[in-house]
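Pasting the structures here.
Next, two complexes with chain A in common: one pairs it with chain B, the other with chain C.
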Partner chain A sequence: MSAPAVGRPAGAAAVGVLARRNPTVKLGLLFVVSLVLVFILDPVTPAVLYVLALIAVAASTRIAPRALALLHLPFAAFGLGVFLVNALSRPGEVLWSAGPLRITVEGLSVGASLALRTLVIGVLAIGFIASTDGVRLMHSLHQQARLGPRVTYAVLAGYRMLQEMPREWQTIRQAHAVRAPLRPDGTLPRGATALARASFALLVISVRKGERMAQSLESRGLGLSPRTTWRPVRLSAADWLMAAGVLAVLGAVLLVSAMLGHLEGIDALFG
Partner chain B sequence: MVSTSPDRQTAPRRTPWPLKDLVLLVVLGVVFGFVYWVFVQAWTALSIAMGPAGDLAQHFLAGSWLLVAPLAIAIVQRPFAGVIAEVLASVIEVVFLGSAVGPMLFIAAAIQGVGSELPFAATRYRSYGWLTYALSGLMGAGLVFFYSALRFGWYGQDLFFTRLAIHLLSGVVLGGLLAKVIVEGLARTGVVDNFAIGQTRLAAGHGTR
Partner chain C sequence: MAPAEPVPPVLDLDGVSVTVPRRPEPILRDVTLRLDRGEHLLVVGASGSGKSTLLQAITGVVPHSVLAELTGAVRVNGRPTVESTVVELSGHVGTLAQDPSSGICLPDVEQELALPLENHAVPAEQISGRIDDALASVGAGGLRSRRTDQLSGGEGQRVALAAALITGPELLLLDEPTSMLDPAGVTAVREAIDAAAAAYGPAVVLVEHRLDDYAGEAGVAGLPGRVIVLGDRGDVVAAGATAEVLTAHAARLHAAGCWLPLEAELRAVTGLAGGLAAPPVREALRGLSTPDGAPHEVRPAARSGGGQTVLAVEGLAVSRDAPDRGSRRARRRGVPVERGTQYLLQDVSFRLRTGEVTALLGSNGAGKTSLLLTLAGLVAPAGGTVTGARPGMVFQNPEHQFLAHRVRDEVGHGPADAPPGYVDGLLGRHRLSHLADQSPYRLSGGEKRRLSVAAMLAHERPVLLADEPTFGLDRRDALATTAALRSAAERRSVLFSTHDLRTVAAAADRVLVIADHTLIADGPALQVLRDRSVLGRAGLRLPPLLEWLLAEFDGDEQVRRVLHRLDTAVPAEAAPAGSAARTAGTAGAGAPDATATVSTTGDRS
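Coming up: the complex of A and B.
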């Protein structure tokens, strides 16, 4: 079993306009847009937002179109499942039926809306992840969002641990392989039990490692104040401009959609 | 060094969290984030293959997302441990593992954490029997279900109660009882002896050595 790579390789600098923006502002915007989308349940509004988001992400990051399409796969599949289940299992005006199956107008509309919402949030999350360095985000949260230094550095220590985890996992699997009773055909046990055993070993090792990490962080004086910051993450006028721009576009789309009579709220679920 | 400006972190508090406990919560989030990630690789392929059935099948595994909270509470035995652990786990999943669910996961995690924590809080973090764990799984799964139902539009579907039943059952078994099995296993290895759970066990007279 080869060690899977977790996330972007450390030190690989993200490029593009979006990568230069403040991570906390980006995270906040992603959060606000996702939250607003939860209350929209017509298919047209999220479709428009998806097209706009896709263009914005493609233009402001340097993800190759092919890679961008591949990254869509998991949540596009999820969206398709959501769409089909809603189309088939929502009461309303029947469009088509065969035996126990029936497709309703309401089901199609709500299903399409939910699937498109998944796409909007998905593509924005791709943009965020591709353009944001996790370490820089934590530093930015510490400086701009006033996250405590102890929590910040605990998470960063966890990130370091996460980077080593694929190797750790491989070591455990190999150690188990040395002692494991092989299956009749001479290969390693690979079922859920073997994976569960490896996972438990990983947990034990990591807890022990975590305790050592905490001790060394404390012995280096983490938590003393006042603190100075190395490589501060700046919050510039361009960040505020981006935030204003995104919110203005979101507001404008909602307003136009409402004026054209497309916009539907949460009551579409119960109607 | 004496601080001149009161920092948020050093503001007077009854008992500040030891760094060791904080790091443990992060470690739980990291390990479970990674293990989920390993399993999800397989799971995504499976759920694509199952098509619409995959949307229903997610409820069978729903409880496993709750595990971090009862584990954290049982080991650290402090108020809010469950909520903090869940939120940290979701941060790691979104920020470092690149989950495309996006930041809505933070809210789901906080709700789950509150649900899982309530039964333990009700016993004032003293009872760690099977019933408390089961209730913890039930409440965690139950609370987050209504939030997810809103997010994914399960309300008004014919399957609503089927979903709820599977979800709750999964919560009790995977998010509650399994947590107790893991906690006992961890305690037996002795790695958590230096945490609150170790002291409790020592007082009860079955330390590891």
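Coming up: the complex of A and C.
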């Protein structure tokens, strides 16, 4: 059925080497790599990074090749769009033209770079989500990224509500369907109005439940200080090692790329 | 604190009144009470009498989180609640609310129990041991490594109770803790509360209206020793030792919709003490079984097999995970059952006839809801057939079914071309006329139920299915609901699921029992209830009164007459005062309307 898309279900520990690493460190690395990629606009560097990231993710998580390929779809589709727009619209040396359509060398290069950038960030995000338990992520953000306890536990309570929502939604849809006129072929209606009504019911019920949960959290003393932490999510030497490794590989790729003359920065946009 | 100083009471309310905006009359009026360390107090009153507001005033939610004016003083451990926030008070006050699903906040049981300890800065190395202790005290040691979304209602309430007590608060508030549980859950949570209260020793305030279930076999002795009774005006109308107050005010409480422990109920009706064991009480009950010639007092026996068949079920199988009918998968593959599918139910055959009220019984998880969904055409059968016109179905939670933003539109949604006055007529018959322009979501529990039944009846389907329609209602509302089902059956067939065998004996003509993945009994209601082997297989237990009545009387009419007179005797004579003022007052605030009078006989005619 439709499981909530917030990492792994709670308790079902993610498996693989990457799953044992600290979630905040993983998230930080994802952020750093994405940030660096913003300044790279040649196609070769992100292509190399993509291949390396794909190998790393496939090796360090237990994600099946088929699932990995399927999860690529949204990123690939977005990347293709970016590539086509750039190839067809960017000014520069015309490579091919037919009527109003013309493809430029600069367009191909920048477009390919942006598309490959999407894939790099995509495959790293897939690796992060597949290897990270949502609850552990929140605890880690609370401890390592100094996220306040109120925010942390509000998100976790929201996560719990999310777990129950598919069941609630199904019941509401059935409860509404029994009152709706049948379609000519005898099946139950599923129009926009029906969905809007069911959404409203779900909203009202969820807001109420949220209020009650907020009261429960308050009655457990959330927000008192000082507080202690049971079973902290630890930062281990392996986490630092992973961070150093990823940054070293990134630096090495950039260096080699620059030495071989492939690396291009923001000025590629204006060249 | 100097040792010479007297220990302040755990809870001290001094002339407390609470007023909310848009309601001229206070919800709570001049309440004074004092609770010492380890004392247990029961709070009873009709819905809308301010029981929940009283608890909110103690936790500090009133006035800190809810917009309300509080006069007088509430002190917890000698400290006025107005001076501390809800969170600051949380160290002294533990709360267990009604709904298990919102009383638990985190995805894992362990984390749920660790959270209060972490918040109160308990050293990390003590936490694991205290989690074990707390779970053991509520008899839930085995749940420690579970995910919270996989807990049953009874398990969830026990975990929430452990979380409320784990920091050792001096005061425990219980807000109808068992009202949303099935009988097995009620027993488990009830025992857990006793054991945990003994282990942690807090003072306890219990708000409850289902006193018969809560007290269980122990009767009045199973309730807290002290009680206060809140009246419809939000004031304390009686206080004292529970046994005495329940006896002296049994009639009033009965009228206010409380489900009294049996001995108090019998006292209210017969005026005699001693409960079912006492010979004079038994004699009085025998007296209730004789006809007095009053018309309409007992409905005529169902025409056996006389009504027209409106739904025929043949060899029906229900699987655990049948897809919705109407989904692409179901349509493409026809009947979507693979080899080896685990059926929830199979070989189920029966017919529903006009004029009959049929009860569907079975233990939790036996498949009652799945069967009803299949009959309603919402889930495709895994085998066999359901033939007949499309049934209507009332869901367990009325809020799941609301479509409109006004009560009137909700009822008017069904009939496409209703004659003028049709909707008003339905609103009137279900006592919803005064609420016609309100939002369905702002009604009280009983009003929501009446509305969901009225709205479904407006569709004029020949079969009405209802999933636990009396669940969680107070007695007045439960009686009104069964009366509505009975009157609906005059032109339809009604099938409702329930756990409440007394309701079944009083209101159903016929009973279907499911157990062991199939239909194990189908017959006249009392005949099935007399069959011990059927009850045993389905895990059903007769309440003591019904057990005695069925043993005492051979005739079904006599049993029904006694139950009917017990149900109607008291509420009819004691209509609460001040109903007009309250109805007007609640109209805007969305607070429950406590005063709708019940006339079960009127609805039936």
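Going forward, the second predicted complex is superposed on the first by the 247 of 271 C-alpha atoms of A that agree within 3 Å, B and C clash if a C-alpha of one lies under 4 Å from a C-alpha of the other, contacts with A are read in each partner's own complex, and residues count from 1 in each chain.
Simple rule for what comes next: a contact is a pair of C-beta atoms (placed from the backbone, for glycine too) under 8 Å apart; a residue touches a chain by one contact, two chains touch by 3 or more.
Note that the structure is a prediction, hence the values are computed from the model and not measured.
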TODO: Scan A:204 for contacts with chain B and chain C and give back first, second, both or neither.
DONE: both
TODO: Pick one for A:228: touches chain B only (first), chain C only (second), both, or neither.
DONE: second
Open item on the list: Once chain A of both complexes is superposed, is A:34 in touch with chain B (first), chain C (second), both, or neither?
Closed with: first
- [ ] Examine A:159 and indicate which partner it touches, taking first as chain B and second as chain C; both and neither are also allowed.
- [x] both
Open item on the list: Just checking: does A:215 make contact with chain B only, chain C only, both, or neither of them? Give me first, second, both or neither.
Closed with: both
- [ ] In the overlay, answer first, second, both or neither for which of chain B and chain C A:266 touches.
- [x] first
Open item on the list: For the three-chain arrangement built by superposition, which of chain B and chain C touches the greater number of chain A residues?
Closed with: B
Open item on the list: Looking at A:240, would you say it contacts chain B, chain C, both, or neither? Reply first, second, both or neither.
Closed with: neither
- [ ] Using the superposition on chain A described above, determine whether A:178 touches chain B (first), chain C (second), both, or neither.
- [x] second
- [ ] Jot down the residues of chain A that show up as touching in both complexes, chain B in one and chain C in the other.
- [x] 134, 149, 157, 159, 204, 209, 213, 215, 217-218, 222-224, 226-227
Open item on the list: Per the contact definition, I'd like the list of chain B residues that touch chain A in the complex.
Closed with: 1, 3-5, 7-10, 17-20, 22-27, 29-31, 33-35, 37-39, 41, 44, 47-48, 50-52, 54-56, 88, 91-92, 94-104, 106, 150-153, 155-159, 182, 185-186, 189, 191-192, 194
Task: chain A residues within the chain B interface of the complex - done: 4, 6-8, 27, 30-31, 34-35, 38, 41, 71, 74-75, 77-78, 80-82, 84-86, 88-91, 110-111, 113-114, 121-122, 124-126, 128-129, 132, 134, 137-138, 146, 148-151, 154-155, 157-159, 161-162, 165, 169, 195, 199-200, 202-204, 206-211, 213-215, 217-218, 222-227, 266, 269-271
- [ ] Give every residue of chain C touching chain A within the complex, in rising order.
- [x] 59, 61, 65, 86-88, 90-91, 93-95, 97, 99, 101-108, 111, 114-124, 127-128, 145, 147-149, 160, 163-164, 167, 324-326, 331, 373, 376-379, 390, 392-393, 395, 397, 399-403, 413-414, 441, 455-456, 459
Task: Residues on chain A engaged by chain C in the complex (per definition of touch) - done: 9-11, 134-135, 149, 153, 156-157, 159-160, 163-164, 168, 170-179, 182, 187-188, 190, 197, 201, 204-205, 209, 212-213, 215-224, 226-232
